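Encoded as structure tokens, here's the structure I'll be asking about.
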Amino acid sequence: MLRRYALKVMLAAGVSLSVFSGAALAQMAAKIDKPVTISFYNYNLATASAGADATRELIAEFEAANPNIKVQGMPVPSNEILTRMQADIVAGQQPDLAQLTFRDLIYIAKDLGANALEDMVPAEELKANFEGMIPAGLQLGVVDDKTYGLAYTFSTPILYYNADLFKKAGLNPDTPPKTWAEVKTAADAIAAKTGKGGFFPGAYGPTDGTFVYQAILMSNGGNVRDGNTLTFANKDGVAAVKMLRDMVDSGGHARIDVASPTDSMASGNLGMFLYTSAVQNSLSKAAKGKFDLRVAQLPSFGDKPTKPTNSGSALYVFSKDPQKQRASYELMKFLTSKRGYTIITSKIGYLPLRLDIVDDPAYLGEWTKNNPLIRPNLEQLSRLTANVAFPGPNYRQAENIMKDSVTEAVFGKGDPEKVLVEAQANAQALMPE
Amino acid sequence: MSQITFQPSAPVRSMPALGRLRLGFDIAPWLYLSPVLITLFVWTYLPLAEAFQLSFYQWNMLPTSPQRYVGFDNYMRLFKLPEMRRALWNTLIYIIGLFPLSVFIPLAVAILTQDLTGPLRNLYRALIFIPMIIAPVVAGVVWRWLLNQDHGLVNKGLEAIGLSPIGFLQDADWALPTLIWITGWKLIGFSTLLIAAANASINPAYIEAAKIDGATRWRIIRDIRLPLLSPVILMLSMMTILLGAQWSFTYINVLTGGGPLKSTTNIFFLLYEYGFSSMTVGWSAAAGMITFAGFTVIALICLKIMRKRAIYDN
Amino acid sequence: MTIDLHIADTAVAPVSAVTSFTRRRGWLGRAMVHALMIFLAFVAIFPVYWMLVSSFKAENEIFSTDLWPQSPSLENYSFVLKSIPMLRMIVNSTVVSLATAALQVLTGLLAAYALVRWKFRLSNFIYGAITLSWLVPFQVTMIPNYVLASKMGLLNTLPGLIIPHVAAAFAVMMLFHAMKSFPQEVLESARLDGAKHWAILWEIVVPNLKASLASIAILAFISAWNDYFWPLLLSRSMEQSVVQIGLQMFMTQEGNLWGPLMAASTMASLPILLIYLVMQRQIVQSFMQSGLR
């Protein structure tokens, strides 16, 4: 009884607050004149890796440059961060800045209440900040023509390959496969001649997003949806999945534990691995002294240009108070500045949204020279295609149905087309009208 | 047959009785029950009631969004999930498969080690308890590592004796038994501990009397130990039936996500996937109600059986 | 309830039945028991051994199948201690788990006593309600409880982790069954002597339930120790976090940090092992003492 009443009160308060904040949104404070504390929900902080150190370094630098702003880091693992934010909003602890993954983009914009930058920031200032960012990169956080998220830590799928296994299978590691047909040949050869896994994409696991699958699908001209109509079972989509199925049938596509292909690659048991560039650091470390790890770009379907999609996260502002909005925006600006991306790329291993820093000695120049493995990824950036998020209240379920059907079509015994078409119908029922 | 009497070793302190409060009923039991009842009411039943109400709405729990009444829609959606039948069937298999690991083997271990003398008994029991000390998530990933087709020790062992490696978590035929094994492996210590404790509480006078009367060890087990252990055994059985799906949840979540090809999903995981991890409270509330209602029915049946079958020493 | 022993008419020597069993089956029976126990113990131990051994392996050795590290090192452990406040988390977990276990045993004891000792009309219903509370999935209560905890000012505090778990249906049920085995006559006679319920509970019943109490305490401790989702919601800073959150920090999206994960996990297991070793003495001792005190 008490709880229901409390929720009703919060609902009413929330409604009135949103009315109020609608007006306040257009008037973010011009500058910070008194001390303010903002919360920064971040999943890199919830790991014991370079990501946490780099984030802390960035926060410290920011606080030093902005003595009036205190940043309270809120470490939450990436698969729980959305639930935690939802709980905090309901409990009245409004988050300020958050690092959230791309798959939830539409939900974040429509339901969670992220602020549209166009509404919050004066137009001139926003334009100045966007200068130098890849236009395709800016599109990643756009919903209905408004920018809600700025790409922060993101990467695209690249093809890691084991040069030693290539040599053992009689292949030339200096000319890695460029098309899917070449991948199949190489994979079949590796599987037949070395007994190790040939090829595997990080597309089926419980914690993988759908970005690898979407990259493959869209490279073939397909798309997951058109508006609110699902289209992944269209001709091009089925053809893309059939390509993978063929590789399974011919033996090149490995049948390994979908939850740990990274481990198989790291232990030298997999020939080719298509996955996010974010695991580059850990794979390099594991390969040191054991095998020759190289990278190539996302393979293409014949002559069609590839469409590498993004994985990773964007930054969103949620504050409703004008002072906190300004503070959050300042932090967002810093994190997506040249200095910010320099640290993110060199220390964590993600991609910079600003290409001008790559060869600039003051920023990434030195690092890029010493880490040539990032080149293929950078070259793909010119074809960066936004990962498609699902809309509606049941977006997660619909996406899961799609991913499960792809796994079934590739590894199961049935007809891939039938599996995909049936799943599409099921998932369609969950999409908004 | 020997007569067994109980003598408290020290006289119980006599204190003046508090006297019944003039309320017409005895308030004492309620006082004793109050901590448990209040806690359960505030932290479990109240949210459950709220969930019941919310299960008929579509809402993302945020104060700024409206609640939309959808009636039984959420429930129907969940029941019509194509994997529902598979999940129910798998749940049954999980439960049946867990019984040997959660009841039979621990029972055997507790009884067989009972009569061992010296430090070996405690050593064996401690070793069997060890799986319980590591975190479930870690247990999951370590087993995944050991069962890995390429670099896992178990497959290396199979190869050493001439068998071909098995894709324990990739092969749809092996994945479910593998998960049952991992879940059960973790539990053996739990059940062994409980049964051993109950075993230790059996009045040794019974055993002595039986031995004097010439009963064999097996006889003692069959006629004294097992009946007196029946409350614990029935309790563990009930727990396996009711919580088996929940126990395996962590491992399904971390290791297979319900795959490969839906072979390891169960009712709890399915409801988690579609209900609890969705951002719409209606689905998750409906999923919670289905789980609760379904298992309540089973629990009531179990409780009834327990009341009839459990044998107490009093 | 009396127990009737139907003894077979086989002539037996007036020696202990155990000795005669062993003599008849001989060493074979005993050997088989030992063999089974050793096998089970091996299966139980091996993954934990693997975890321990891996924690001493260097990074590029991690995927090797050696049963012993080539060059054992403590670098994983120092990495863990450097990157997260692991010791603080272990202390937090210990405090929370001890308090939770103690409170669950205490409240369970009181509730079970009430249900066994007093027969009132609602007692069956109450027992059922307590049991059924066990079946409520955590996710259902998660967010409403979070809101309540927030209102009570419990966010990011250790008491916030303890208070919602003060009562456990499991403890009530196990103690209920243990107490039911208690002879009613003793309780009745003590009552007639004028003893208060409180005294009966603590001076007669509890000393004879040591084995049950100890085992429930161990299991309650472990259950509180392994709790992940509630601390995940409630803790906002690493200093107020618990060990389970710490462990997750080594499982990142960019791949697991196996070495440090194994090291952290080993460190996280030690307190439980300690509690088990301490508590299981109670179980052993209570068996040694014959009769009731």
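Going by the order they are written in, the chains are A, B and C; count residues from 1 in each one.
Going forward, contacts are C-beta pairs under 8 Å (C-beta built on N, C-alpha and C of every residue); 3 or more make two chains touch, one makes a residue touch a chain.
On a predicted model such as this, the values are computed, not experimentally measured, just so you know.
Engineer: Between A-B and B-C, name the chain pair that shares the greater number of C-beta pairs in contact.
Structural biologist: Between B-C and A-B, contacts are more numerous in B-C.
Engineer: Counting only C-alpha atoms to place each centre, which chain is farthest from subunit B?
Structural biologist: A
Engineer: If you average the Cα atoms of subunit A and of subunit B to get two centres, how far apart are those centres in Å?
Structural biologist: Going by mean C-alpha positions, subunit A sits 38 Å from subunit B.
Engineer: Using Cα averages as centroids, what's the distance between subunit B and subunit C in whole Å?
Structural biologist: The answer is 13 Å.
Engineer: Quick one: which residues in subunit A touch 2 or more of the other chains?
Structural biologist: Residues 3, 83, 86, 90, 207, 263, 267.
Engineer: Can you pull out the residues of subunit B that are in contact with at least two other chains?
Structural biologist: 46-47, 50, 61, 145, 151
Engineer: Mind pulling the residue numbers of subunit C that touch at least two other chains?
Structural biologist: Residue numbers touching two or more other chains: 63, 143-144, 148, 248, 256.
Engineer: Would you mind writing out the residues of subunit B in touch with subunit A in their complex?
Structural biologist: Contact set of subunit B toward subunit A: 46-47, 50, 53, 58, 60-65, 67, 77, 82, 144-145, 148-151, 167, 169-170, 253-262, 273-274, 277-280, 283.
Engineer: Looking at the complex, which residues from subunit A come into contact with subunit B?
Structural biologist: Contacts found on subunit A: 2-4, 7, 10-11, 13-15, 17-18, 82-83, 86, 89-90, 107, 111-113, 196-197, 204-207, 255-260, 263-264, 267, 269, 393-394, 396-397, 400, 404, 407-408, 411-412, 426, 430.
Engineer: Quick one: in the complex, what on subunit A touches subunit C?
Structural biologist: For subunit A paired with subunit C, touching residues are 3, 6, 43, 46-49, 51-52, 74-78, 80, 83-84, 86-87, 90-93, 207, 262-263, 266-268, 278-279, 281-283, 285-286, 288-290, 349.
Engineer: In the complex formed with subunit C, which residues of subunit B make contact?
Structural biologist: Residues 1, 6-18, 25-26, 28-30, 32-33, 35-37, 39-40, 42-48, 50-51, 61, 105, 108-109, 112-113, 115-116, 120, 122, 124-139, 141-143, 145-146, 151, 153, 156, 185, 188-190, 193-194, 196-201, 203-206, 209-211, 213-220, 223-224, 227-228, 231-232, 235, 242-243, 246, 268, 271-272, 275-276, 281, 284-285, 287-289, 291-292, 295-296, 299-300, 303, 310-314 of subunit B touch subunit C in their complex.
Engineer: Within the complex, which stretch of subunit C touches subunit A?
Structural biologist: Answer in residue numbers: 59-60, 62-63, 79-80, 83-84, 142-144, 146-148, 150-151, 155, 232-233, 236, 238, 245, 248-250, 252-257, 260.
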